[in-house]
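To keep things clear, I will list the structure first and then write my remarks on it.
Each chain gets a letter, A, B, C and D, in the order it is written, and its residues are counted from 1.
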């Protein structure tokens, strides 16, 4: 990471937000097949609010910045998505503490903290056919590549591929969490909206990493 | 009246009851055209109860007897019919006082008392397209024939003809009382169930007068 | 017809039995006369207050029996006036040396049963007087009903005379008081849907998806007009206007009284649910009516939002205004204990 | 969709405004956070009690705010959990030196909002503890929900902790008390019809004319089974059986607790209307359940018949039993003053 960590963090969050806003109706449609169709809209609402307040955010450290992001996303966005995504950002922010610069190990620790937070918040784990089934294997992959000496770009690419693969792996499953779970067997053979979102975000971050890290 | 007044009174009431019971469904059907169809059933229920208790009625005088008839008819028969018919019998009973024998003048006075009671109870009068449009003109006719020296049979025959005529006279009218009135103009050109009942009863009493007065 | 019930014929008796069981020691049910009464009535030092009318309007009136309200209610079957002998026998059971007060909603059937019962009771030496409630401004013209109808406003009459009776008022004082409350009451209702009497099994009327019945009676009788569904505010505005500009016909003449609500008046404001409308919607209406009245300089002294006089599961509501003074304020807030309660 | 409303988006705010207007001096509405609060809160000598959950369940919970009950309720939109910052800001407004108690119905969305809010509040030095209510026995299996749902029984939790807080109990004592009440509560519901959230405009589910949803959730979520309409007694029997034989899963294991109601126990019995069912039908159910319990030697200490936790205009009802002891009896009958009242 050659630019300042804060700037990179900002650009990662910005990329995630762009994906959420550009795919508002696509994600909603996916959630509508067996869920209640609110996912894309809820997510976009949260990130739209983030964009509105973007310039005023406290940027004293990457951790503080992420905590503010969390608070905006969760505010005014009821239900699962606000809580799950907000928790992810908040736990990552906590894990970063007030460090100004973050190492690869720090980033892995932040992602693991986000993972733990979302599991606890959602009372869910891998196997429940949620975004965790995309997120956790992707983080595993990221860690594996980095630990085995790969570059950040290589690690991100591997994580994105994994996230996308997972959307197909879990497609035949029965959803066990969220509104989709209410439909029981009807949720079989449908994509999970949350993990599709994770895949698109991972792919977009990987693809834009050159500009994100070195604008 | 050659038999005792009490016996004649009993047989008149009995004749009315027979008409109500025999015509239960016919009267109900008439009321069903624009009313709510309960008239025949309500009336029959009241007189059925009367028949059940017939043997136990207090017969110390014609007046007392009529008051007991009233109480039975009104008991357990809710709504207009119980009240209107019960009031008729009660007022007639009151007017008879505790006299053992009743003159023609007494009978006219009893019928007029019944008429006044029903008008007051129903907050109604001739012209409202109710049984009063049959009952009152029929009593007028009875009084006219008796006062002008006619026999009881002649008077009853004239009253019955009048009651029947009136059912046709009021047929084109708009009902102003009872449930039929709720239908407004739809009540035009339909028979009023209550005045048909009055006509059938008047006709039956006139036709059976020989047996009623002299069994 | 979808109802929580067993035998339609047992609808009213089973409900009454339920009320008795839910209120041990305070409420007694006398099945012979459809009578729900205070277990401690009659009280020889208090006028006994009895109300009839049809069933299907719950909590009116069997669930407003209790200390400070009715001594007994003896309704008929659903939407049917009580047979006269229910009224006679109930009144005899509740007879008090201070007399019996009947409160009657001005419907022909109810009137007739109570009037006949009064004559019977008079003959038997029971002292009875009657208050008629006719608060419904919807049907101004007495062609289709004999006088106006009595609807949810009867709650205020019962509350006032109930409290006064508890404080020892005489029968004549209660009649005066009841007339006073009734003269200060105006109501109007509207329906979004019909309702289905259990024994009938079919709705008594149906409305299209975009229709309402404005001025509906509490048995689903027609009101002023069948109209297009409008916003809650528009609907409430029309009803409020009818109430505020109402000029009650003077009995026996062609003349009408002047409107009774004026700037500076204080009122009790009731938004009454007809049975199928959730309380959330009632508060939406309440908020608007409150603000409209305040705009006109009429002060809301106290609110009553909920179900007071219903038509089975009919969706809809009625608005009642009662002009209060110090006497009524005191009576309306006096303690009372009835089956319908939260805690 | 036939509703008394104006703009669907203003459904909840207009209702809240109505509640404020109807309760001047006692209830305050804070539009920014959908907060309905006691006008005199926070009280520094008392723990403040806050409840969230979605709207559409009225009178739960915005209409049970008041002395002896909640200090505030900050619901989300109809059937949506409150956004976290409503909970955070409402809790800050109501913050008391004695702490804040959150009462949460165990629905995922509600849980998540309140848990996140607690973390935020912790960071800001506000002391918060939480009671989760999960009284619904219908859905035993936690596959479709994370644990059981919290439904009408929450009224008893609020009543108990509300009364204890008024008497000065500490935050920890209230948490203990709340857990105790929740452990003695069992509920089950059923629907005769669906209901229509204002913003959605279409029923969330529909039932055939001869169908019921047995074990329905308070947002119309599926219950145990879609069944044929049966008599009130049969329906009540099935629900009562489920409640009486219920063995609550022990968290984190495959084991289950023993049934909690036994011969000789005393219970509070609630028959709760879901919004569109008239109170007459609720008393028919009440009467039967009362008799069935007495047959089993379970004594009804007190009855609660009416609407406590609804699903908009859904027709149907739920049964709640709460096993009482001397402590709970005293708390349940302690005085309380809330918007939902008769007089």
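One rule holds for everything that comes next: a contact is a pair of C-beta atoms (placed from the backbone, for glycine too) under 8 Å apart; a residue touches a chain by one contact, two chains touch by 3 or more.
From a predicted model like this one, the values you see are computed outputs, not experimental measurements.
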Following contacts chain by chain, what is the lowest number of steps it takes to reach chain C starting at chain A? 2
With centres defined as the mean of C-alpha atoms, identify the chain lying farthest from chain B. A
Whole-Å separation of chain centres (CA-atom averages), chain C against chain D: 30
Could you work out how far the Cα centre of chain A sits from that of chain B, in whole Å? 87
Between chain B and chain D, the Cα-mean centres are separated in Å by 60
Mind pulling the residue numbers of chain A that touch at least two other chains? none
For chain D, residues contacting two or more additional chains: none
Connecting every touching chain pair, does the picture come out as line, ring, star, complete or other? line
For each chain, which other chains does it touch, given as pairs? A-D, B-C, C-D
In the complex with chain A, residue positions of chain D that touch it: 76-77, 80-85, 108-109, 111-113, 115-116, 119-120, 143-144, 146, 221-222
Where on chain A does chain D make contact in their complex? 71, 74-80, 82-84, 86-87, 90, 121-124, 176-178, 181-182, 184
Residue ranges of chain C in contact with chain D within the complex: 2-6, 11, 14-19, 21-23, 55-56, 58-59, 63, 159, 192-193, 209, 229, 231-233, 235, 275-288, 290-291, 300, 303-307, 310, 312-313, 315, 317, 332-333, 336, 338-343
